[in-house]
């Protein structure tokens, strides 16, 4: 396999990248270090962990990919990036009165800090914060309309209308969502939920149940990565700020470690998806459903680190 | 005052930058929003808050500066960046067995998380983590020698031998350092302090009492920013990783907000100093002794945001 | 007003006690240190705080009382004592697999410890623990039947069938019960709620909305105080154990202080009620709707301390 | 073995009690459920866990005992009861400005709550609270004099001058006392330690190293139990209040459980000692060095429960 490209990797060619991804896919399957799939709903528990897909969209739209890059998966928490984009477009920086911008230093569904901080979630990428974002998107419209807005935003970002909600996943989320139901009611008790908890939760469960494949997800990330040719959904400043949040808060209690090891901004989901951006250079989607103990995809994390080494892409120099 | 340079700001000229800094210094004095100086030791409490200095070192060493850029101040926690560089040079990645790489989500001197995580500090930039780093540097040598190593490292990074410890500050730290003494003994109770607590604390208090000015500090940051012409003290990977830690953990419980608003990596100190890097482009030092409620310099933070806007420099695109 | 009776107070005569209570009622009105009524539901917010009632049932049923002793109030958390008695009668000590017996060191509705202790509430007198008790009482029966059992138990204890649920209170609790809804869903996420959260919550809200007056409540406490002539609802061991829990956990984060100052076991409610027992000697009910900052009745606490001083009754000698 | 005496047990005869204790000692040795000795210092680690002693002092001084009742052991945290008695005698209720009276809901050496409550320990029986008490006793005198006062108080309470400090234990405590050193410095950082941390700690370590046997300890508890004939060291009110604190806070995070199961007030020590009072009836000392997971003596706890069952003694009726 090819050596590290270093800083000159900025100029990595599509051919070299494609060769690397093909080899990486093989390497991942050889390692077979898959982790455990999420088991709280059957739709995730029944997924074969031994799967891997990756897609990289370069500036002006060149795409390289390998493995199961066109196989759909449940994007889960990756959706939080797009609902945040949506709400920033709708009400702008006002959203920060309801949710903070600091790493949480705790699990994705922790309620502890929420009590210490009196109902204001630390950031929009932990569950409590994402619920607040979705709740804001519901203001003045029905759950159906809010969902349409979110999924419409994602379709526009991806440039692909063939993106849908997996209803079976949404229903299972609904059935097992006691912790999220606790968080929503807790937010409500602090006056930080405007809509009936069931509305906000229903919308949130459906948003998490959106199914995409790596090619679609990588395309949808172009506007965050600020790639030339991306749909104009975010101002440059907003794109950077979302990227900043992905870097500091995108991997729950493993965010610092991801920034340290990989050096790129990413947002993970419990379905095994990972959206990652190398600003101005590439939007990357990786998927492998087996998780590590922090709830992030084991193989996707490994692949992210290898890709950063190969390309020399880093936010930090 | 000049408008925003945007992405083309990457090519900001030294003249334009110098003009901007001069104007910024005036703006800061006009705003006169200085915050409160730290008051736990007389040496800091007696500093006039209405002071401001800034120095920017560009690639190949061009320097622009304004205000009190050559006035010395106590670097305090900014020293944690250099002691980390030192220890990485000495024992490499092994240090991570003793300290984590995650944002803490709490105050710089909190002991709470240390209990929940059984004596392993979350990162090297909160006090507990910095104590562990200094403790590791003491292994097999005297406090005097360890201190010599740290200060020698900083002098080499800055290319300036005229950097010294302010003994009065060190003695005052020693006198009021009960919280740090608690942290050190707490670490020891978990077996995560190898040397007598007094040795580690003494070395740490002296390291925090190093005095530098903005010009020296900005020069010392060149190797972290990966500037051409910087002393070869850190590999490219290590420089990036220290930058990653500065971004995610460099401003205590305001790190996420700094990343979001400024978009550059920085490390602050309670003396009002701020070391900031724009990878491959610039190393920046700002100083203003008045602090905000999070313990970061109020005017330095403002200046950092203005500088990032003007130059268009951002880690995130 | 009479001096302290001291240990000989064990033999305080009903006449002396009645005189004391009459004088105490006057003293309370003269002090006029009423505190603030709970304001989360209109039915409690609209209550005039300047009210006070007290009833003391001695062995063999002699009753002394003063003030508004026959005015009904919402017993709220005092009901937790009786639902615990109920569940102990039904499944015995098994209940302790689902809930602990330790003081919580935190507010009545805190969710923090619940996270640290993985869904097992610390005791049956904080809200989370009481929800578990009510949930257990629901096993195998409808909410209506479970409620009938609880209210039937209280009627039997009081020897009075004229005890009812205030439906308006129950409905208001339901409307504002977001924090309890959060707790119930949180318990469910840990598998420590057997019934649908809405069932358990509905039953709990109705149980809290039971209205009683001091005379009824003091009579209902006879079996816990182990008074001769009390209905045989609890074995001697169970009565003692409930008393132990009232002492260590009966006043939320003020339990230690109450034990220290008053020296008798009590359980308070946010409606301003206080059930207190002097084992083998008396069952006491006090009511005054104004609360202190810990959520306990300000005047009832004062009266409890004065009564203990006068009678010399103490659990501690 | 004899059946349960029930409430009439109030009138248990010395003969019956002596027979019970003799049988209990045998039962304990047959069960051989000893637990693990504390292992943080060699003086405790080297003690044979298979030992048991018990002494019961009745009103007017009748003593029953069994097992190793005259074998000395390190009283450790049991000393906190006497230092509290001392300080109450010296400055009275003022001590409560520095320390609370609430159960902690956490381990004996936890620092977590101390941070949440800004340096005011929750009660005088957790380590942080006991340090504050000892610190107060040091005010205006030397460590030697303060220690003399504490040990003099205990000798007077026990009516026995042959009570001494085990210097080897004190030295070992000093060597391994990092957690307590952390607590002391933490208190100091909040201004809640008046003397140099080393003075307070040194006094505290020596106070914990006092050696007594069960007969001495049971005699020393007479004034807390309010037994006729006890030395006049505490007013009746103070004795009751110390008893209240023993009940709510005497067994760390097992206090509620002990109150529930045993129904008497006790204070345990990591040396395996347990001082227990049945107000007006008896002062009891039990010793067995093996501990349970909460740090309380396993066999002493069992014996306490059996004794309460046999005698019918209970604080709760």
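Think of it as A, B, C and D in the order they're written, each chain with its own count starting at 1.
What we mean here is this: a contact is a pair of C-beta atoms (placed from the backbone, for glycine too) under 8 Å apart; a residue touches a chain by one contact, two chains touch by 3 or more.
Going by UniProt, the chains are A, B, C, D = Glutaminase.
Note that the coordinates shown come from a computational prediction; the quantities given were computed from them, not determined experimentally.
Shared contact partners of chain A and chain B are absent; no chain touches both.
Placing every chain at the mean of its C-alpha atoms, the farthest one from chain D is found to be A. Separating the CA-averaged centres of chain A and chain D is a span of 55 Å.
Taking each chain's centre as the average of its CA atoms, chain C and chain D sit 31 Å apart. Look at where the CA atoms of chain B average out and do the same for chain D: the two points lie 49 Å apart.
The residues of chain A never reach two or more other chains; the list is empty. The full set of touching chain pairs reads A-B, A-C, B-D, C-D. Listing the residues of chain D that touch chain B in their complex gives 110-112, 114-116, 178-179, 181-186, 188-189, 197. Taken together, the chain C residues at the contact with chain D in this complex read 6-7, 100-106, 113, 122-123, 225-226, 236, 239-241, 243-245, 247-249, 253-257, 259-260, 263, 265, 279-280, 314-317.
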